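Once you scroll down, you'll see the structures, which are given as C-alpha cells.
First subunit A sits with subunit B, and in the next complex the same chain sits with subunit C.
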Partner chain A sequence: MRPYRSLFLMSLRRMLTYRLNALIGWLGGAAILISSLAVWNALLRNGDIGGYDWETMKGYLLIAWAMSAVGTSYGDWHMANRIRDGAVATDLTKPVDYQSARFAEQLGGLAFELVAIVVAALAVIVFTGGIPAPAGLGQGLLFALSFAMVVPLKFIIWYITTMVCFWTQNYLGVAWARDAVVWVFSGGLIPLSLMPSWLGSLAAALPFAGLAATPAALYLGQASGTEAWKLLAVQAFWLITLWLGARLLWRGALRALTVHGG
Partner chain B sequence: MYRRSLGAHIRSILEYQADFWVLVLAGVLFQGLNLLFLSAVFNHVPTLNGWTYAESILLMGMWGMIGGLVPLFFEGMWGLAWRINQGELDYPLVRPLPVPAQVFSSAVGLHGFGDLIGGGAMLGWALFHIDVEWTPLTVLIGLVLFASAIAIHVSIVTITNAASFWIPGPHPFFAVTVHTFEDMIKYPLTIYGIGMRAVYTVVVPFAFVTFFPVSWLLGRDAGWVGLLTPLVAVYCVWMARLVFRAGLRRYESSGH
Partner chain C sequence: MGLVKARGLTKVFRRPLKDPGLRGSLKHLVQRKFKEQMAVDGIDLDIEPGEAVAYVGPNGAGKSTTIKLLAGILVPTAGTVEVIGVRPHVDRMTNARNIGVLFGQRTQLWWDLPVRESLTLLRDMYKLSEPFYRKRIERLDGVLGLGELMPVLVRKLSLGQRMRADLAAALLHQPKIVYLDEPTIGLDISVKDKVREFLRDLRTDGTTLMLTTHDLGDIEDVCERIIIIDEGRKIFDGPLADMKDRFARVRRIHLQVASGYPQKIVEKLPGVEVSGELPEITVTFDRFAYTAGRIISAVLEVAEIGEFHLEEPAIEDVVRKVYAGELLRDATV
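Entry: the complex of A and B
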C-alpha cells in the first residue's frame, strides 16, 4: 500500500502547488452551474415540468454538478502527456500496478473537490434560498453508497478514454468527445426522465448514468426500496466490468506504444 | 502571408488524420448537446422566457457558428501566454508583419470545423423558421451585425489573453475563465439576474456577441440596441489594440 499512499500524497501536494489551476477549473464549473440554474429557473416559473418543480430541480442540478466536479482536477491530462511523449515507459518499470497508481493520484484531488462542492452548495443555498434535504435517512445512506461508487467509476471511464492516446497524438478532441457523451448520458445536461424516452432508457442502461442520474435519484427519493437497489446494482456492475475491461485494454495498448529514441 | 501561415498549420495538423476527425466529432457533439437540450426542454414548454424554439436555436446557432469560425482564423492568440513565458515572442517582433497578425495565425483550431458544422446547421435551420420579413436591407444589416459580433468576441479573446503580459505563467488562466463565462450567452440574456445582465452588457459586452444582434433581427423589445453592435465592435477592437500594444511594450523576453 505504501507506494500508493505516497502517490496519493504527491498528487495532493501537486494540487496545492497548482492552486490557481484548480481554482480556474472550478470557476469554469461555477459558470456552468449558474447558467443551468438560471435556465431552469426561467423554465419552471410557469409550473412543473415532468414532475420537477424548482426546489427538486435545484437539488438535482446541484448534485449532478457536484458529481461532475469529482475527479476532474487532476489526472487524465498528466497521464495523456506521459503517454504522448513516451515518459510512460519509465512508469512501466516501476513496481506498482499502473491502474491502481493512477487511481491513487486521482484520489489526491478529491479532498479539494469536496471543498469546492461544499462551497458551491453553500452559494446555492444563500443565493437561491435553500436546497432540499435528502428524502429521509435511508435515502441519504443509499446516496452515500452510490457516491462512493461514483469516484472509482468516474476514474475508470476517464482512464479508459485517456488510453486512446496510445493511438492518437492529440488528447484534446478525445477529452471533449468524452465530456460531451458523459454530459448527455449521465443526466448532467437534462434529467433522464425529461429526455425522449428511447434516449432516456438507453442512458439508464449505460455506465454513465451512475455518474449523476443514479446518485441524484437516490438523494431526491425518486427511487426507493427495490428500485434503489436495482440502480445501485447496475452502477456496481459497470464499475466492476470497466475496471476489469481496462486491464485488458491496457495490455493491448502497450503493444501500440511507440517510444522515440533510446 | 496570413493565409500561408494558417495553411502551413493546417497541413501539419492534417498529418494526424485520426486526431482531426476526433476534433471535428467533438465539435459536432458539443453543438448536438445544445440542440438536444433545447429540443428536450421544448417538448415540455412552449417558450423559454418568451423565446420560441426556433428563436432559441437561432441564438445558440449563432454562438456555435462564431465559436467555430473564430478558432479557424484566430486560434493563435490562445498560445500567447506560452510564447511570452518562453520568450518566443522575439521572432514575431523582428519580422515585417504586425505582431498580432503573426500571433493570430500561429495556430489553427481545427475543432472549429465541428462547431461550424453544428452551429451553422442550427443557424441555417432557424433562419428559415423564424418570423422575419426579409429585405435586402435586413440581410445587409444582419451580415454587418454578424461581422461585428465576431470582432467583439475576437477582441475580448485578445484582451484577456494579452493579460498574460502582466500575469506570469505559461497558461492563459484568466482568458479561459472569462471564456467559460462567455458561454452563458447561448441562452437569452433575460434569464439571468439584473446584475449579470448589466455586467454582460456594459463591463464585458458579451451580450453584443449574440443576444442584442439576434434581438434586433427578431424585432424584440429593445431590439434597437442590437444596432449599436458595430459601435461596440469598433470600441472593442480599439481597446484590444491598445491593450496589446501596452503589453508588447512590457514584454521583456527571457534570459540573455
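Entry: the complex of A and C
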C-alpha cells in the first residue's frame, strides 16, 4: 500500500500547487449546474414532468452534478499526454502497478472535489430554499454505498478510454466522445426515466448509469428494497468487469506501445 | 551466471503509411497500409555482473529500443530476454526493483514538485527503509551535490542539475544493473566530467552498467566493453582494445622532413599513401601490413627526418565509420 498512499499524497499536493486551475474548472462546473437548475425551474413551473416536481428535480440535478464533478480534476489528460509523448516509459520502470497507481492519483483529487461539492450543495440550499433530504436512513446508506462505487467506476471508464491513446496517439476526440456518451447515458443530461422507454432501459443496463442515475435514485428513494439492491448489483457488476477488462486491455496496449526517440 | 541474457531479441514496430496531406489521411482510413520497421533484429546479449558496456550506434540503430526491452517497457516481438533471472516484460515490477534506468532526454522526476518530494516518492515506491534511504541520499549527495537541489522545483533546474537529480532518482534503490540512455547529452564539459566520475565510482561499487551514448568520451572513460549496433543488428561485441585492433587498421605517422624525397617510399612499400606538402607530410598505412618501424626506416633511406609522431587509432574514427555506413556487417563478426 505504501507506494500508492504516497502517490495519493503526491497528487493531493499537486492539486494544492494548481489550486487556481482547479478553482476555475469548478467555476465552469458551477455554471453548468446553475443553468440546468434554471432550465428545469422554468419547465417545472407549470406542474410535474414524469413524476419530478421542482424539489425532487433540484435534488436530482445536484446529485448528478456532484457525481460528474468526482474524479475529474486529476488524471486522464495527464495520463494521455504521458502516453503520447512517451513519458509513460519512465512510469513503466517503477515497481508499481500502473492501474492502481493512476487510481491513487485520481483519489488525490477527490479530497478537493468533495470540498467543491459541499460548497455547491450549500449554495443550492441557500439560494433555492433547500434540497430534499435522503428518503430515510436506509436510503442514505444505500446512496453512500453507491457513491463509494462511483469513484472507482468513474476512474475505470476514464482509464479505459485514455488507454486508446496507445493506438490512436490522439486523445481529444476520444475524450469528447466519451464525455458526451457519459453525459447522456448516465442521466446527467436528463433523468433516464424521462427518456423514451427503450433508450432508458438501454441506458440503465450500461455501465454509465452507475455514474449518476443509480446514486440519485437511491438518494431520492425512487428505488428501494430489492429494486435498490438490483441497481447496486448492476453498478458493482460493471465496476468489477471493467476493472478486470482494463487489465486485459493493458496487456494489449503494451504490445502496441511505441516510444519514439530517446 | 549472466546478468543479462538475450537470445534473438527482436522488436518490430508497425507504422502507418500515409500519403501526404488530408487526402492521404482520408485514404488511410479506408485503405490501411502499414510498414513494418525492424528496430531490433535478432540481438544476442550476455552481460556479466560488474561489467560496464557501451552500447553504441548511429541514430535509429535500435539502442534505445534494446534498453526499453531490457527494462520491461516494450514487449519483444520475438526472442527471449532475461535480466537477473526475470523476464522483464512478463514480471515488470520485479524487474523494476532490480534495475535503474535513466533516459537522458526525459526526466523521471515530478515536474512541478521539488526534487526532495520526487525522491521521497521513489523511496516509498521502492519501499526503502528510512535509514537506508538516508544513507543513500548522503552517498549520492557526496558525488552529485544533491543537497542544493533538494528544495528546487524540478522544472526550475538547469539541464545539468536535472541530470544530477535524475541520476540520483535512478540509483536511489541501489539497483544491481543500471541502464543509462545518453546520460551526458547536452551537458557542458565540467558536468560531463562529474557524471563520468560518478559512473566510474558506481563501477567500483560493483554495479553493472550499460550505457548508450554518442559521446565517445563516455565510452573511453567508463567502459571496457563495447557493443556496436547498426540497423538493429550487432556488428561488434568485445573489449574496446579489440575493436581498435579489428577496425582501426589504418595508422598515420606525421613527419617533419628536413630534406630528401620521402614520396619515393611509395615505390618500395605498396599500399602506403603519402600526403601533405613538404616539409610536413603524413604517411598512412595498414598496421597489419607494415610496422611503424618499417615505415620510418624506409623513409630514412630516402629522406632526413626532423620530428615525427605516431597517431594512435581513436575509437572515434571507428565509430564514425560505422555511422557513415563504411563498416559492413558481415565483414566483421
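Assume the second predicted complex is superposed on the first by the 261 of 262 C-alpha atoms of A that agree within 3 Å, B and C clash if a C-alpha of one lies under 4 Å from a C-alpha of the other, contacts with A are read in each partner's own complex, and residues count from 1 in each chain.
Note that contacts are C-beta pairs under 8 Å (C-beta built on N, C-alpha and C of every residue); 3 or more make two chains touch, one makes a residue touch a chain.
Keep in mind it's a predicted model, so treat the numbers as computed, not measured.
Engineer: Looking at A:Trp183, would you say it contacts subunit B, subunit C, both, or neither? Reply first, second, both or neither.
Structural biologist: After superposing on A, A:Trp183 lies in contact with subunit B but is clear of subunit C.
Engineer: Identify the partner contact of A:Leu43: answer first if only subunit B is touched, second if only subunit C is, both if each is, neither if none is.
Structural biologist: first
Engineer: Which holds for A:Thr90: it touches subunit B only (first), subunit C only (second), both, or neither?
Structural biologist: second
Engineer: Regarding the shared-chain residue A:Arg255, is it in contact with subunit B (first), subunit C (second), both, or neither?
Structural biologist: After superposition on chain A, A:Arg255 lies in contact with subunit C alone.
Engineer: In the overlay, answer first, second, both or neither for which of subunit B and subunit C A:Val174 touches.
Structural biologist: First partner only.
Engineer: Between subunit B and subunit C, whom does A:Ser6 touch in the aligned arrangement: first, second, both, or neither?
Structural biologist: second
Engineer: Could you figure out whether subunit B or subunit C reaches more residues of subunit A?
Structural biologist: Touching more of subunit A: B.
Engineer: In their complex, what parts of subunit C are in touch with subunit A?
Structural biologist: 13, 15, 64, 68, 71-75, 89, 92-94, 96-97, 99, 101, 103-108, 110, 112-113, 117, 120-122, 124-127, 181-182
Engineer: Would you mind writing out the residues of subunit B in touch with subunit A in their complex?
Structural biologist: Touch residues, subunit B against subunit A: 16, 18-19, 22-27, 29-30, 32-33, 36-37, 39-41, 43-45, 48-49, 111, 169, 171, 173, 176-177, 180-181, 183-184, 186-187, 190-193.
Engineer: Enumerate the contact residues on subunit A facing subunit C in the complex.
Structural biologist: Touch residues, subunit A against subunit C: 2-3, 5-7, 10, 13-14, 17-18, 86-87, 89-90, 92-97, 254-255, 257-259, 261-262.
Engineer: Flag every residue of subunit A that touches subunit B in the complex, lowest number first.
Structural biologist: Residues 20-21, 24, 27-28, 31-32, 34-35, 38-39, 41-43, 46, 49-50, 167-170, 172-174, 176-177, 180-181, 183-184, 189-190, 194-196.
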